[in-house]
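You will see two complexes here that share chain A, one where it goes with chain B and one where it goes with chain C.
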Partner chain A sequence: MDDRLLLIFLGAVVGIFSGIAAVGLNRGLIAMSESFAGLHNYWWVFAVPGIGAALSSVFLEKFMKEGAGHGVPEVIYSVSRHGGLLRLRSAFSRLISSCVTIGSGGSAGPEAPVVISGASIGSNIARSFSLNERQRIALVGCGSAGALAAIFNAPITGLVFTIEIILGEWSALTIVPIAVASVAGAQVSRLLQGNQIAFTHLRFDVDITTTLAAVGLAVITAAVSIALTLALRHSHRVSGKIMLPLWLRAFTGGCLVGLIGLMLPEVLGEGYHTIQKMVEGTFTQGLGLVLLLVAAKIIATSFTLGWGGSGGIFAPCLVIGSFTGLMYHRLVDFLWPGLSWVNEGCFALLGMAGLVSGILQAPLTGMFLIIEITGGYETILPLILVSALSTTMCHAWEPASFYFKDLMERGHYLRPRTDAKVLADMSIDELVEKDCMTVSENMLLGDFIKVVQQSHRNYFPVVDKETGELKGMIHLDDIRPYLFDPLLYETVFLEQIMQTDIETVDIHEELSDVLDKMDVRGLFSMPVVANKRFVGMISKATLLDRYRHELIVQTQH
Partner chain B sequence: MELTIQEFCKCLDMPLNTIERWIRQGRIPVKRVENKCIFNDTALRKWAEEHNLHYHPPGEMQTENSSEKLVTLTEAVESGGIYYDISGDTVEEVLAAAVWRMESIESEEDRKVLYNSLIAREQMMSTGVGNGVAIPHPRTPLDREGIPTQIATFFLEKPVDYRAVDRKPVYVLFILVSKTSKQHLHVLSRISYCLRDNVFLQMLSETPDSQTLKGKIREFDAILNGSG
Partner chain C sequence: MQMQMLHIFRNTPLGRETLLQSAYFCKQNDILPVIYIPKFVKFLMYFENDVVQVDLDGSYLREPDTAEKHAREIVTEMGLEDPRFLEPKHFTASTLPDIPVNFDFMSCPRSITDLSSKIGLGYIGPRVRRIVQSARFPVLIPSSVYKPWKSLAVMFGGSANALRTLRLGIKLSRISGLPLDVFTQEGKRKKKDYEQIIQDEGLAPEMDKYVRNWRIFEKEPFKVNLYEIPHDALILIGAFGHGLVKELLFGNTMEIVQTVCPNSMLIVGPNYRGSI
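Coming up: the complex of A and B.
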């Protein structure tokens, strides 16, 4: 069968399975919240999120041997570095752990977990068909798109999120199967749980006032996004310093969330009911309380995710965003009483877009998500404005978004068609030139000159004949002064001429580090060693020649 | 036409591990049949063209780049021949006599071409390298069908003033003819190595018979080949 057709067909299959996984998690969450519904009269209810977080941490750490966190950076890293290779157990590990965390009241979302399980489903289907890496990456994208499309009933969001965040590359080869997978995922979700728009609302009358006011909202959402990012990072740092077992740490974080939840139950869980109320305009609490809720939700989310609970950032963003939108609307109403404009549900909606775009720094994902989950196309103008401005402001403050921050710090942020990616794909092993003539340190200069006559290189590594250990280097320039002095031929040993202060590279080193070393010391050629043994030479000229080939091969499809 | 992966690497002049990675990453159009890759010549040629990579299919390559085999001293002397009692009083006369004695050249025209190019070289600067030896040779390689690569040795009837660097009269000529510059330098460097050897010079001055001379040349070849 034609490769493209096969990929489209498999994309649909992956989309269906990811859709089922997403629906499964959704059902699990509903079941959990129903079974915990009767508990809120007991005093110890605050410990429930703690127990949930601890269980999920133990499950991930002890049984699945996977790290906590939401999983999206893992998928991005696997796509950029390992050709989309993911473990099969990732297909369900995060589903279960996040179900326990969120179902028990932890402040997190189900989207990131379904993205990683969808991606893992795609990766493993690709592996069982022994597809190549490019096709596997496409199927990983299919999984992520199908899962996201299913959990939100939002096919375009699935497609756009995958391309904007997971793959970072627009190419026809991948877009087509991913689009098909989005459709399949969303269709599965509609078949199993009906075609429902998550947040239905009344019609909004959007006019120029709203569009202008959106600029102000963007400033607020950007500020809140930054606050949330800071809170998450800070709580992660604090929890890392506490000398407690991981599960106990997660338990503590969960209990703190539970305590906040005792006073403000809106912060618990994924919080979609609260959003629904705000979008409908039936959330009646006053300005002060909304302000408090924004802060409380930020704190609860950082205690859940930063302390070892498992789940995504999407849903908390939506909740915080809608609180922020509501807060902004009430603030304007308070400052400018009697202004007749659109109702506050619309601003809850715009706030969500602003926060998602700001945190993820993915404006398209933010726009399409909100349009699809609210069915509110009439808000498109202010929506685009808020998304774009919020992204820009967050980017100006911190160029690395929430998903990319860790990857960038570890040097794992390798987007397709970038210098870093091209260099990361090539290995020293492919570039090392092995046609160098090695010489021994006991060789006489006279004998060495005969070797020079036979060689067409300027570098001569001096190697211990028995161990193969690299002792030093001789460059043609080093012997130039003695070349025409026959008296020295029989009296000078290479040991006396060779340079011993030499910079070497290990065969497993990254090429970007090698280039850095060359630049720092102004070298054009360096010896490559493996366990101190000389392997060959690596030269800038060969490297750049191959770099160009690699660049062409990677960028022209 | 189908290729093996090794052949394909050679066609592209890329290392095997890079090609293997490209296949794994799905950057090269290969068909997989039961875990084996099939490389199709036409598809790969098209792919290489699209990606600005040089592609030399097997068979087409080699001709230009393969290093030509360099003739050794023994072979060159063998093909040139050794001649005695060349007469003449001037450079021109000696050279003319020598060129018309050469048995490796058949046509009259080839002899003229060789003679003229030898004279032209002598007019620039004498090829008398000292110690009674001259190495006449054309200035640029002579690539003619009728003139093979060779060292033709000529012992003169009487020493001739050859305007040599040490002003000593010349009694032996080694006419060097090569088809390429590389070959020329190769033979010239070997000859000059021989001429630094005093025993050899002594031997030449005594006009050795052709077997002794060839034997000595063979010894030099053995030494030079042995050292590298």
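Coming up: the complex of A and C.
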């Protein structure tokens, strides 16, 4: 079978399985939420999210031997550095843990867990078919797209999210199977759960006032996005300093969420029911309470995800975004009481787009998500504006998005066709030039000149003949002062004229570090050593030659 | 470039025995030991077409303050240079380091994930099996107690993997100078068939030069014949990509050998591509 057709076929298969995984999680969450519905009258109900988070943490740490977190950076890391290889256990571990966390009331979303689940399904199907690296990455994308398409019943969002966040590139090889997987995932969801749109479609009369007001909303959503990002990081840092077992930390975080939930139940769980009320315009609480809810949901999400609970940031973004949109609308209404403009439900939608775009710095994902989950196109103009401006402002404050921050800090943010990616895909081992003539310390100058005559290089490594250890280097310039005095040929030993203060490269160093060394010291070639033994030379010319070759390989698809 | 062997060190008496044998192997074959002292109970190994998560038992994290000193002492007392201590550069998650896989050999106990009290003859853990199946390097499985080997014993059954194992045996015999014995159990193939395979692969001159003794067992079950393998030999054997069911139902040579022989073993996986 043609490779592309095979990939499209496998993409559909991956999309179907990812869709089933997403529907499974969705059903699990519904079942958990129904089970806990009768507990609201008990005083100890605040401990339920704590127990859920603790169980989730124990399950991930002790049984699955995986870390907490939502897993999206792990997928991106795997795609950029390891050709999309993911563990099979990731296909179900975070589905179960996030179901327990969110189902018990933790403030998190199911979207990121289904993304890693789908991606892992794609990776392992690719592995069982022994596909090559590029094909495997395409199937990882298929899994991610199929899962997201299924959980939101939003195929375009699945496609766009995968391209924008997971893969970071649009290419003919990947986009077709990913689109097919998106369709397959969404179709599975429709078959098993019906063609439901997450939020009821309402008609909004969007005019120029709304579009202009969207600029102000973008500023507010950007500020709230930054606040959420800071809160998550701070919470993670604080919990990391507490000398308690992970499950106890998760329990404490969950209980704090439960306590907030006693007073403000809207912060619990994924919160789609609350969003629905806001979009429909039936959320009656006043401006002050909405402002409080924005803060409370940010804190609850930080306690859930930062303290060891499992789940994603997507759903909390939607809830906080809709609160923010509502708050903004009511604030404007308060300042200009007579203003006649669109219903506040429209701003709840715009707020969601602003938050998603701000946190993820992925404007297309934010736009298409809102269009698809509301089934409406009327808000497109302010939607684009809010998404674009919110992304831009968040990017200006912090160039790394929520998903990329950790990866960038660890130097693992390797996007296709970038300098870092090209360098990461090459190793010193394959660039070492081994045709150097080595000489020993006790060689006489006269003998060395005979060696020079047979060599085409200017540099000569001086090595210990017994151990192979690099002792120094001799450049042709170093012997120039002695060349015209034959008397010195039999009296000068190389150890007297060699350079000993030489910069070396370890064979295990990263190429980016090697290039930095060369640039800083103005060198064009350096000796490579392994455990102090001389291995060969690495030259900038060879490196850049291979760099160009690698770049061509990466860009030809 | 000097060959390198990865060793995951545990700072316990059992870990000492294991490292002693790795160091002995390195000394014989001029290999640089690369020692990883784990700081987390798990790590990942990204192979070409698989990712293996190794979940170590808690003893690997014991006494971290003296681990490096002990490891260095063991290696240098064996007469080797200072080992290289591996510090992971990449992490899949903050507590999940990636261990490179570009080594020439790796040393692994029979089971790397189970408690050492559970390790026994006849059992090779699932993670070790996956490493063997995915890696391009052979895996040294040392016996429980340090016992220097004085010869090499290759189990040769005529398959492609057995030929790779034989090539490795010849290479190690050439480097270390240790005598090489080859053991073959006759089955459907007869002696002349095996000799023809050796001829076809162009290995006859090396066989003549390096192999001290080629024992072809015609009678008795394979298990019984294994008694003929010297007690102080390093066994080299190929491992196949058999599935669990096939292994349970039929077994294979490696399963039988590792069940019966307490010797240290060097297992050559299906992805090994070394040359003589």
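Quick notes on this structure:
The rule we apply is simple: the second predicted complex is superposed on the first by the 556 of 557 C-alpha atoms of A that agree within 3 Å, B and C clash if a C-alpha of one lies under 4 Å from a C-alpha of the other, contacts with A are read in each partner's own complex, and residues count from 1 in each chain.
Methods note: contacts are C-beta pairs under 8 Å (C-beta built on N, C-alpha and C of every residue); 3 or more make two chains touch, one makes a residue touch a chain.
Bear in mind that the values here come from a model prediction, so they are computed numbers and not experimental data.
In the superposition on chain A, A:T304 makes contact with neither chain B nor chain C. Once the two complexes are laid over each other on the shared chain, residue contacts for A:E430 go to chain B alone; chain C is not touched. By the document's definition of touching, neither partner reaches A:T157: not chain B, not chain C.
When the shared chain is aligned, chain B and chain C each come close enough to touch A:S130. With both complexes superposed, C is the one of chain B and chain C in contact with more chain A residues.
Within the superposed three-chain model, A:H549 lies in touch with chain B and out of touch with chain C [touch as defined at top]. Contact with chain B, but none with chain C, is seen for A:Q454 once the two complexes are overlaid on the shared chain.
Of the two partner chains placed by the overlay, only chain C lies in contact with A:A530; chain B stays clear of it.
Judged by the touch definition given at the top, the superposed model places A:T365 against neither chain B nor chain C. Within chain A, the residues touching chain B in one complex and chain C in the other are 130, 427, 429. Of all residues in chain A, only 65-67, 69, 74, 77-78, 81-82, 85-87, 89, 127, 130, 406, 410, 412, 427, 429, 467-468, 507-508, 510, 530-531, 533, 535 touch chain C in the complex they form. The touching residues of chain A, counted against chain B in their complex, run 83, 130-135, 425-427, 429-431, 450, 453-454, 546, 549, 552-554, 556.
The touching residues of chain C, when paired with chain A in their complex, are 1-2, 4, 32, 41-42, 44, 46, 49-51, 53, 55, 81-82, 84, 89-96, 98, 100, 102. Every residue of chain B that touches chain A in the complex is listed here, in rising order: 14-15, 17-18, 21-27, 32, 35, 50-53, 227-228.
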